[in-house]
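Okay, got some structures for you below.
Consider the two complexes below, in which chain A is the common component and chain B and chain C are the respective partners.
Coming up: the complex of A and B.
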């Protein structure tokens, strides 16, 4: 899509902090009643004064460094003035011409290879409160306001207009999310953790901004819809107006917001209640705290554990999965560990809608090690391991107890040999067929053993024994 | 020059209504404020801008949770409330 230009503004909640940006209200409000995590500061009461959260500034610097951006030595907050009931003060404390950081990039892997998505700026601001409507938004006569979210530390990350397809936008957001999770400043599972405004234009058309999309899939769908809509307009010789649109997640379309409401004149000016920040000491402090990032980890895994890039690439997608792998790989063959974690455990967790943070609790690495050791020692079959993993995830319990109760411990070789003899004795027809040259008749005999052992016998091993017996 | 439309635009942003006399009054006052700012043209260009008159920097708070208001206290002065929410105008047509 050579004619498509996309830029994103991503709002990221620094939601692993304990308190709001300018007051000490806790930010663990997600399951709370409305307006229970509020104080005079985040309610915008007269005379209340903001004081900035040091850890929020450090978390923001951490992100800026990890995104290869230039943290500015001197940064200032500004008031962005507009009347909207989600802002109790009538302005939002944000940053304007002295943002925290400039530049930076995120590398994504497209079908045509790596692409660096350049960033324009990163700045800090306070999250507004949340509006809702009783019944439907169209029928409601007023809004209901919950200020629990008001003042939550928010980072706005703005890209240059350099993406050329909705898919690239999604890849960028996925990568950004992984980086943020690595930094331990962000939990993407919490509702509203990341919200996106997307700018899109086609060659020869005006730039359209789609506001406040709350899921990655939504971003991709909203952009795809816009491309189709704008293409159709241009093809018919009509103009694409420069405007702001809203994404309707239910119907997967974008709708125009009345331009009058969007004619904003924010009248920014420096926030007089906050003093400037000189960042150099904080940057030094934070630099020492930066963890290993996904790309570095991927290279290290390939070198240290000698696993393929196909595994390394997947393992680093979630820092918790990478840690899980390392725990297991220290005790067992790393390739075996990688394969079981990437090909089996990850799939089973995905299927249940869980990530590795949950997975870690459901099937602890030491339990996985015990289970895989049984597999290596041939005490349990591959199929048996999968069954134990599923049972353990769904019902919990002790690994050994599950194997016992389901009779999954593999059957000793002497027992398999006995059953093979039994199969041969009971199925003279199959034996006759085999000896007459129908080699697939052996499968029938293997099937018999599998059936009486309920799949606990190793099929390859059984087939080998049967063939040996029949050729004697 | 400040025009009548400039004053009305700013009044609209501030969500206030002005009488004709007030518009005229503010037109003159806005103009005199802007004229006053012309003094800044005399400042040499390499002078650092002043963002604040307070000679402080890096005033921080630790990330430690403190006391919130109870919901009753928080909503005590609000005229329009419903089920623990503040009621506000509808903002999307």
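Coming up: the complex of A and C.
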């Protein structure tokens, strides 16, 4: 889509930190009673003062470095002034003309190859509280406010307007999420962890901003809707107004919130209760803590384990999956490990709506190693391994016990050979047919072995043995 | 006035409980309107504790009053505003913690201009504070109550806050001592902000010694205020020292005040290290304007939190914008609204560079001018206020009121310390002398004040 220009502003909660950005209240608000993780600072009580959480600054620097951005030596907090009931101070402490970092990029893989999505800036700010409504927003007589979220550290990551399709926007967000999870400062599974404002304009139209979209699918849908809407307007010779719109996730449409003229003036000015941060020492400290990023890991996997890029690419999508792979690959053939993890375990987990963090608990790497060793030693068939994995994920239990109780231990090759001979001896008619050219008669003999072993024999292996015996 | 030494002497022979009762009765009878809240029961309970020997510390058994913009846990803190008229804070300010730790008896919360915005306390929701020397005149502002209680023997000492002269003005008008410390010496945690980058909490008292004692208690490290310098303060008397003194050319006053100021200068003969030099500070022409732009800008944002949602004045449920607008329309007084509007204007897009950024530039120039001056002299002196205490109602026009701060605001722009001390009387009304020093030179200016205090009492010139 040559005529489409998309830019994103992504709000990321640093939700794996312990405390809020300017006070020592815990940030794990998701499972808490409303208004229990609050104090004078995050409630904006008169006379309370903010104190910067250094861990939050370090986490932010970590992200900036991982996104190849330039951390500024000197960074300042500003007040963004506006009235809203979820904003206890009547202003949000954010950053304006001296943000934490400038520039940077994220590489995505499009159908036309790699594309670098350039970033404009990265800055820190505090999350406001949260409004909720008894019943629905339209029927409730009043709104309730939960300030547990007030003061949770947020990072705003702003891209340049360089994406040309809703799909690119989604690829960017997926990649960004992976990078953030690698840094162990972000859990994308938590509600509200990432919120996106999307800017979109078509050639000849005004720039439209869609505010506060809470899912990646939502971003893609909202942008697609906007392209259609704006294109129709332009085609009919109408004007696309510069405005802010809201995405209605239920009906998958966007609706106008306010025009350019109604835009708020936030009256930014430096927060006088905080001092500027000099970052150079923190940057040095953080640089040493920076983990291996997905791209580096992918290259290392290809070289160190000699697995194909198709596997490496998938394995690095989730740092926990990559770790799982390494645990297993150190004990077994790496290609085998990669194939089982990417093709089987990942699929089984996805099917159950789980990620590798859950997977790690349900089927520990050492159990996977034991299971795959049985497979290598031909004590269990491929089908058997899959069945053990499924049982283990759904019901738990001990690997050996599952194999025993389900009778999944493979029959030794000598026993299969004995049974094949027996099948040939007991079924002369089938043997005759086979020798007369009816090749499918071998299936009857394989079926005999399968029946006697109650399916425990490997059919392909059995067929191979029978064909060999008959051709002699 | 009763100083700490006299109070301590009296509690030796009389009971602290009786002395505090007597003081509470005096407050009850008083026409000064210096208190918004008197903490009667708790003050008497503490006095009893003292009598039993259970109250210890540097300020044990001393009644101290606190300006009503400093939060006190469980005791309403109003900022003299209707919007907070029944607000009870859940925490103590750092300075209140310090007072309690040193055994002080907190006797009440003093009246002030609404949110410290004024020079006369006439903007208080609770009415004007009257001058102890003339009840038809103002006690000064914004810490008018804290000045009046010391002069009127309704407390031994008090805490005020100073954004552009709010301690020094009432000290001057009430004939007491008041100090604005170096920015960052005293934690602002619990000071309800008017203009964060300018203000400090400071002591008010009836002598230099008491002023220094109270400063020792409240100064010090507090991690909850990021602008705190992490320094403590200890008063070291240097009685023999001679000072290099400068007079600021641009800080003057009317004929009454300047007449008195000249007499003071004459008295300095023989006490100084060399001649008193005149120092010119060209940046002061813009200081008043810059001060008001910065103070109002910060105020417009600081006061945004009073929306009637979590505390303070509430209203009937309505749409959000109608609800908070109504609360603020009813809760704030006229002067506060004026400053919020002017501050919002100065910060708005298109005007920010013209006003706020320009004011910051002036601030840098003011700092530079002071730094230059302090490379030549130990202290600078000037009249604290350009005139004698105003009659109530005299400053009807806001601009005239703003201009009354002309000698005090530059100090807050620079962040240096300054104190005001009594320098005699004109027509029975007190005149204040302002003494300014370099950053963290509180010891220098207190010693200079101590020397003058002695000289004034020797010559009898301080007498009315």
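Keep in mind that, in the parts below, the second predicted complex is superposed on the first by the 438 of 472 C-alpha atoms of A that agree within 3 Å, B and C clash if a C-alpha of one lies under 4 Å from a C-alpha of the other, contacts with A are read in each partner's own complex, and residues count from 1 in each chain.
Just so we're on the same page, contacts are C-beta pairs under 8 Å (C-beta built on N, C-alpha and C of every residue); 3 or more make two chains touch, one makes a residue touch a chain.
Just so it is clear, the model here is predicted, and its values are computed rather than measured.
Q: Now for A:54: first (chain B), second (chain C), both, or neither, which partner does it touch?
A: First partner only, chain B.
Q: Quick one: is A:275 in contact with chain B, with chain C, with both, or with neither? Answer first, second, both or neither.
A: So A:275 meets both chain B and chain C here.
Q: Counting only touches as set out at the top, which of chain B and chain C does A:145 meet: first, second, both, neither?
A: In the superposed model, A:145 contacts both chain B and chain C.
Q: With the two complexes superposed on chain A, say which partner A:395 touches: chain B (first), chain C (second), both, or neither.
A: neither
Q: Mind working out whether A:33 is in touch with chain B, chain C, both or neither, as first, second, both or neither?
A: After superposition on chain A, A:33 lies in contact with chain B alone.
Q: Based on the superposed arrangement, let me know which partner A:91 touches: chain B (first), chain C (second), both, or neither?
A: Touch status of A:91: second partner only.
Q: Spot which of chain B and chain C makes contact with more residues of chain A, would you?
A: Comparing touch counts on chain A for chain B and chain C gives B.
Q: In the overlaid three-chain picture, which partner chain does A:81 touch, first (chain B) or second (chain C), both, or neither?
A: both
Q: Could you say whether A:46 touches chain B, chain C, both of them, or neither, answering first, second, both or neither?
A: After superposition on chain A, A:46 lies in contact with chain C alone.
Q: Per the contact definition in the header, classify A:267: touching chain B only (first), chain C only (second), both, or neither.
A: The answer is both, since A:267 touches chain B and chain C.
Q: Which positions of chain A sit in both the chain B and the chain C interface?
A: 40, 43, 51-52, 81, 83-85, 141-142, 145, 265, 267, 272, 274-275
Q: Along chain A, where are the residues that touch chain B in the complex?
A: That would be residues 17-19, 23-26, 33-40, 43, 51-57, 76, 81-85, 98, 131-133, 137, 140-147, 246, 257-258, 261, 265, 267, 270, 272, 274-278, 281 of chain A.
Q: In the complex formed with chain A, which residues of chain C make contact?
A: 70-71, 77, 79, 84, 87, 89-91, 93, 188-193, 195-197, 223-227, 297-298, 300-301, 303-307, 309-311, 317, 320-321, 324, 344, 347-349, 352, 356
Q: Considering the complex alone, what residue numbers of chain B touch chain A?
A: Touch residues, chain B against chain A: 9, 13, 15, 51-52, 54, 56-71, 74-75, 80, 82-93.
Q: In the complex formed with chain C, which residues of chain A make contact?
A: My answer: residues 40, 43-52, 79, 81, 83-85, 88-91, 141-142, 145, 265, 267-269, 272-275.
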